[in-house]
Amino acid sequence: LTTELTIAVLGGDARYLEMIRSLQCSANASVFAVGFEQISQSFTGGIQRELEDIDPQSLDAVILPIPGVGSNGQIETVFSDKNIQLTESWIDRLPKDCVIFTGITNDYLTELFEKRNLRLVSLFDRDDVAIYNSIPTAEGAIMTAIKHTDFTIHGSNVVVLGFGRVGKSVASKFNALGAIVQVGSIHDADIARISEMGMRAFFLDRLPEKVKDTDILINTIPALVVKRAIIEQLPVQTLIIDLASKPGGVDFDYAKKRGIEAIHALSLPGIVAPKTAGNILSVVIKQILINS
Amino acid sequence: LTTELTIAVLGGDARYLEMIRSLQCSANASVFAVGFEQISQSFTGGIQRELEDIDPQSLDAVILPIPGVGSNGQIETVFSDKNIQLTESWIDRLPKDCVIFTGITNDYLTELFEKRNLRLVSLFDRDDVAIYNSIPTAEGAIMTAIKHTDFTIHGSNVVVLGFGRVGKSVASKFNALGAIVQVGSIHDADIARISEMGMRAFFLDRLPEKVKDTDILINTIPALVVKRAIIEQLPVQTLIIDLASKPGGVDFDYAKKRGIEAIHALSLPGIVAPKTAGNILSVVIKQILINS
Amino acid sequence: LTTELTIAVLGGDARYLEMIRSLQCSANASVFAVGFEQISQSFTGGIQRELEDIDPQSLDAVILPIPGVGSNGQIETVFSDKNIQLTESWIDRLPKDCVIFTGITNDYLTELFEKRNLRLVSLFDRDDVAIYNSIPTAEGAIMTAIKHTDFTIHGSNVVVLGFGRVGKSVASKFNALGAIVQVGSIHDADIARISEMGMRAFFLDRLPEKVKDTDILINTIPALVVKRAIIEQLPVQTLIIDLASKPGGVDFDYAKKRGIEAIHALSLPGIVAPKTAGNILSVVIKQILINS
Amino acid sequence: LTTELTIAVLGGDARYLEMIRSLQCSANASVFAVGFEQISQSFTGGIQRELEDIDPQSLDAVILPIPGVGSNGQIETVFSDKNIQLTESWIDRLPKDCVIFTGITNDYLTELFEKRNLRLVSLFDRDDVAIYNSIPTAEGAIMTAIKHTDFTIHGSNVVVLGFGRVGKSVASKFNALGAIVQVGSIHDADIARISEMGMRAFFLDRLPEKVKDTDILINTIPALVVKRAIIEQLPVQTLIIDLASKPGGVDFDYAKKRGIEAIHALSLPGIVAPKTAGNILSVVIKQILINS
C-alpha cells in the first residue's frame, strides 16, 4: 500500500483482533476500531473510536463483523457492552470508492450498498478465503484424528470424500503425514489431479467397496454421502470425521448404533487458529484494497 | 469392465501402440487395430484387421487417431502403407450407443457424428486428459532444466508462470525437488492455493520485480507474458523454458539478443513418455466406456 | 515365518495387547499370554495360560514386559491380579536358540541370560525401534502444537533442536505440514542432510540468533540446551515443546518466569498411539525371529 | 568470516572456478589463484598469481586440486599451460594454523602435512561433502531415468539399492516425483527410516522377489549386488542405473546379454551441476575455516 488508507472496523470477534493488528502493522493504514472497549488499545494497535467520532468521508474501507449487520442496521459486538447502530445517513456519507467488507451477507446488506453503488465484499463467499481457511481446517482434522485414534496417521488408511477447497487441503496434508490416502469425487478432472498428487482416486459411486479397510473416513461433501449402506461396510474401529457444515454428510444416528465414532468437527479455523483466521482476512482485505 | 467390449482403432501413432495393448490387457475387451500392419501383432495384442472386415454393428467404441479425420473422411496412418477411408455408410451402421474417440476434433468431424446422435469424445479437450498429460510435461521440464543448467534444481530460484493444469504440476514437482518456487497468476484463488501448497505466490503484474534473482523461468501461459521488459530484468544466466503451445509466451528474439537461453519445449508427453501418454488415453477411454 | 513359532508373553501393558494380536495374526505363531486374565481372550487372539502350564522347552521366544523383570525375578502385571514369578529353573529349561525380548534391561536381567548364552534383545535400545517410535512421537508433537497455539503450523517458524532419530522425524513432518523449519545440530553431516531435505540448517552455537522469530521451539536433545540465554531471546508467545526424556533440555522455571508456555511432552507413543506402539514391537520381534 | 582470510588455490578444474568466485564473494577473503591463466580474472574474481609471488606466511588456507598432488609435489593444471611444483621449502613456510584442503589424499600428501603438524582436510572423505554431492547425483539419476525410458517416473516402480548418503537422496527424490519406491538395505535402522519416510523397505536378501515388476532399478551399493540371479528376475524393459563407483554393482555383461539396458552413470555432480559442485566445496571450506 503506497498511499495511506483509513479503515473503520465496526465490531467483530477474536479473529478481528489479529486482523486489526495486522492491517495496522503491515499496511500503510490507520485503523479505527469501534466496539472493542474491553480490549486494551495496545493489544491491537488500532485506534479505538465511537462511531460518531469517525468521519465517513475519510474512509477507504469499512469492515463489518463476520455475521454482517441485522436488518435494522444493528451490529452486535463481542468486546463491548453496547451494540453499534449503522444508519443510512452515515452510509450515505461514505465516498464512492469506499469498499465495504462483511463475512457473510444477506439481502438487506446487499441491497443497502448496491443501491448506493458501493462495492460490498462478502469475504466468506470468496474462493481465496475458503482456500486459506482450508489450512486451519485441515490442521483441525489432523488434531482430531491424532486425538481420537490409538494408531498413527502415518501408515493408516484414510478415505477423504470430496476434492473441493477443503478436500484438497485435507487429503494432501494427510498424505504428507504418511497416510495411505484415497480420495473420492464425482469429477473426472479431480480423479486425474488426485493421481497427479500421488494419492489414489476413485469415483464416488465406488465408495461402498473402498471403505472396507478404512481407518479414518473424512467427509467434506455437503450432502448425505456417508449413508447407512456405507457405514455398514466400515470396520467398527473406524473414526469418521465430518467437516461439512450442518447438517453434515454422515448418518450420525446409524454410526452411533453401529458403535462407530463419528465426530462432526465444525468451525475449526476459529477453534484451532483464530490468529491465523484473522490474519487471512487481513491478507485478503489488503489485496483487494491494493488492487482497487 | 464386466461385459465384453468391442473396440476398433483406426490408425494412430506410437502412443496408440501402448493404448491398444493396455485396452486389450486390462479391460475385458477385443480390440481391432486398422492401419498397423508394420507392427507385429504380438506387440500390441490387438487383432489386426482391414476396415472392411470389421462389422460396425458389433462395435462399442471407435478410436480415431489424435489429429482426427480429414474433411473427406481420410485417416492418415503412421504404421501402414495405405491410408484409411472412413465412409458415411460405414458410420451409419454403428450402433446408437457406440462412442467415438478422437484426439482433437474439427467442424467436419463434430457434425458427422452430431447429426447421427452419436457421442464424439474429443480426448485432448478433456480436463482429465490435460491433467494426466501435465505429468510427463512436468518431467520433460525437469529433464530440460537439469540438462541445460550447471546448477541443481535443489536450492535454485524457479519462477513458474500460470497455475492451470500444467502450471500446477510443474510448480509442485520443482518444489518437491527442493527448488524455491514462486508462482505467478492473475487469479485470487490460485494465489491462495499456491500458498497452501507451500510455495510463494504473486500476482502477475508484479512479475518485473519477481524475476531479479531467477535461475529458471518456466512459462505455461498461452499469451505473451515474458516480454522484453521482463527479459530485461532477468540475470543473464537464467534459463527460460516455455511450455505454452505455439507461438508460446516468450519474446524469443529479445532473449537471444540478450544472450539468455530460452527453450520452447513442446509435445513433451510424446517425447519423454510415449508409453505413459498412450496409457493415459486408455485409462480415460476405459473410464468413459465404464460410465456410459 | 515359514515354520510355526511358539512364543510366551509374560505380562505387559496396553501396547502388548496389540502386539499379541499382531504376532498371533500375521505370523505363523502360537502366542501364550500370561498375566492378561482381565482381558477377554477373543480381544488379542493369544491363548491365555498360567506360567506353570507352559513348557519352556517348546518356546522359540519369551517376551518380557517393557520395564523388564525385578531383581528377584518378579514381573509386575497390568491386566492381572497376581504378578508373575520368573524362576531360574524355568529359564534353565529354555532351548538354546530361544530369544528373550524385554523393553529395557538391567544388570540382573542381562547377566541372567548372558550366563546361559541365551540371546536377550533389549527392544528400546534398538535403533529401529527408536526410529519407528519417532513417528508417533512426531504426531504427538504435532497434536500438541495445534492444540496449544492460536495459529497454524503451516507458515509458522519452527525451530527443531537435534537431528537424531526423533529430531529427523519431527522436523520432516512439520516441514511437510508447511512450517518454515530450521534445525540445529552440532554435526556437519546433519547440516548437509537437513539442507538436502529442504529445511534450513544451523550449527547449535548459533542458536541465540536463530530463535528471534520462533513461533514453536521443539527440543529433542537430552541436555540443557534451551537455557536462560536462549529463552531470553524468544518472543513471548513462543510455544516450547520439549520431547527429551527427563529432566529434558529446557529451563522450565525460567520459561515460566518469562511467561512462555513450555510443555514437557513425554511418552507420546503410548499416549497418542498405543496400538501402533504395540505393532512396532511385533514388527521388530518378527523380523528378529525370521532372521535368527 | 569476521577477519580477513588469505587463501591460495593451486590448480583445479571447472568446479574450482565457482568455488573461487564463491569464496571471494561471500567470505571476507582474498583468494590467490595459481594455474588459471586461461581464465579471465573477471570471471572468478580471484587474483591470479604465480606460486612464487605468494608469501606462504600470509596464508590461512591452501586449496589443492581434487586429485591432490603427485608424489613428487607436482600439481597438474587444467586451465594453464604449465604445471605447478609444490616444494617442501614452500610448505615449511606456511603458518602453523594454516589449513590445507585437497579433494582426495594419498600417503605422500598425508605424510607431508602430518609431519609438519599442519591440518590436511580431505574434502571427498567428509560425510557432509558426500551428502551435498548426493543432491546433484540424484538429479543426474532423475535426468537419466527420464531420458532413457518411455514412461514417467510418476507411477513407476523404482527399486533403490543401498540407503547410505547417495541412496537416501536418490530414493527420497524419486518418491517426491511420485514413483512407487522400494529401498533395499541390510540395516535394521534403514528399514525403519525408509518406512518413516513413506517408502517401502526390504532386506536385501529378499531382492530376488522384489524386482519382478521393477521399471527402474538404481544401485548405490559399491559391491556386486545386481548379479545374474537378480537380472534374471527383471522384466526385460527395466532400466538399470548404477551409481556406484567403478567397478559398480551390476553384472553389465549379463544385463547386455539379456537385452536389459544398464547405464553406469558416474561423476554426475561434475556433469550435471559443476557450479553447484564448486559451491559445495566453498560452503564446506568456509564452515571449516570459521570453526577453526
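Observations
Every chain is named by a letter (A, B, C and D) in the order it is written, and numbering of its residues begins at 1.
Please note the rule applied: contacts are C-beta pairs under 8 Å (C-beta built on N, C-alpha and C of every residue); 3 or more make two chains touch, one makes a residue touch a chain.
All figures in this text were calculated on a predicted structure; none of them were measured in a lab.
Of the two interfaces, B-C and A-B, the higher number of touching C-beta pairs belongs to A-B.
Separation between the centroids of chain A and chain B, computed from CA atoms only, is 36 Å.
With each centre defined as the average position of its C-alpha atoms, the distance from chain B to chain C rounds to 49 Å. For chain B, the set of residues that touch two or more other chains comprises 135, 154-155, 178, 195-196. The touch graph of the protein chains shown is complete. Interface residues of chain D facing chain A in the complex, by the touch rule stated above, are 154-155, 178, 195-196, 198. Only residues 135-136, 139-140, 142-143, 146-147, 149-155, 173, 176-178, 272-276, 279 of chain A touch chain C when the two sit together in their complex. Residues 126-129, 131-132, 134-135, 168-169, 172, 188-189, 191-193, 195-197, 203, 284, 287, 291 of chain B are the ones touching chain A in the complex.
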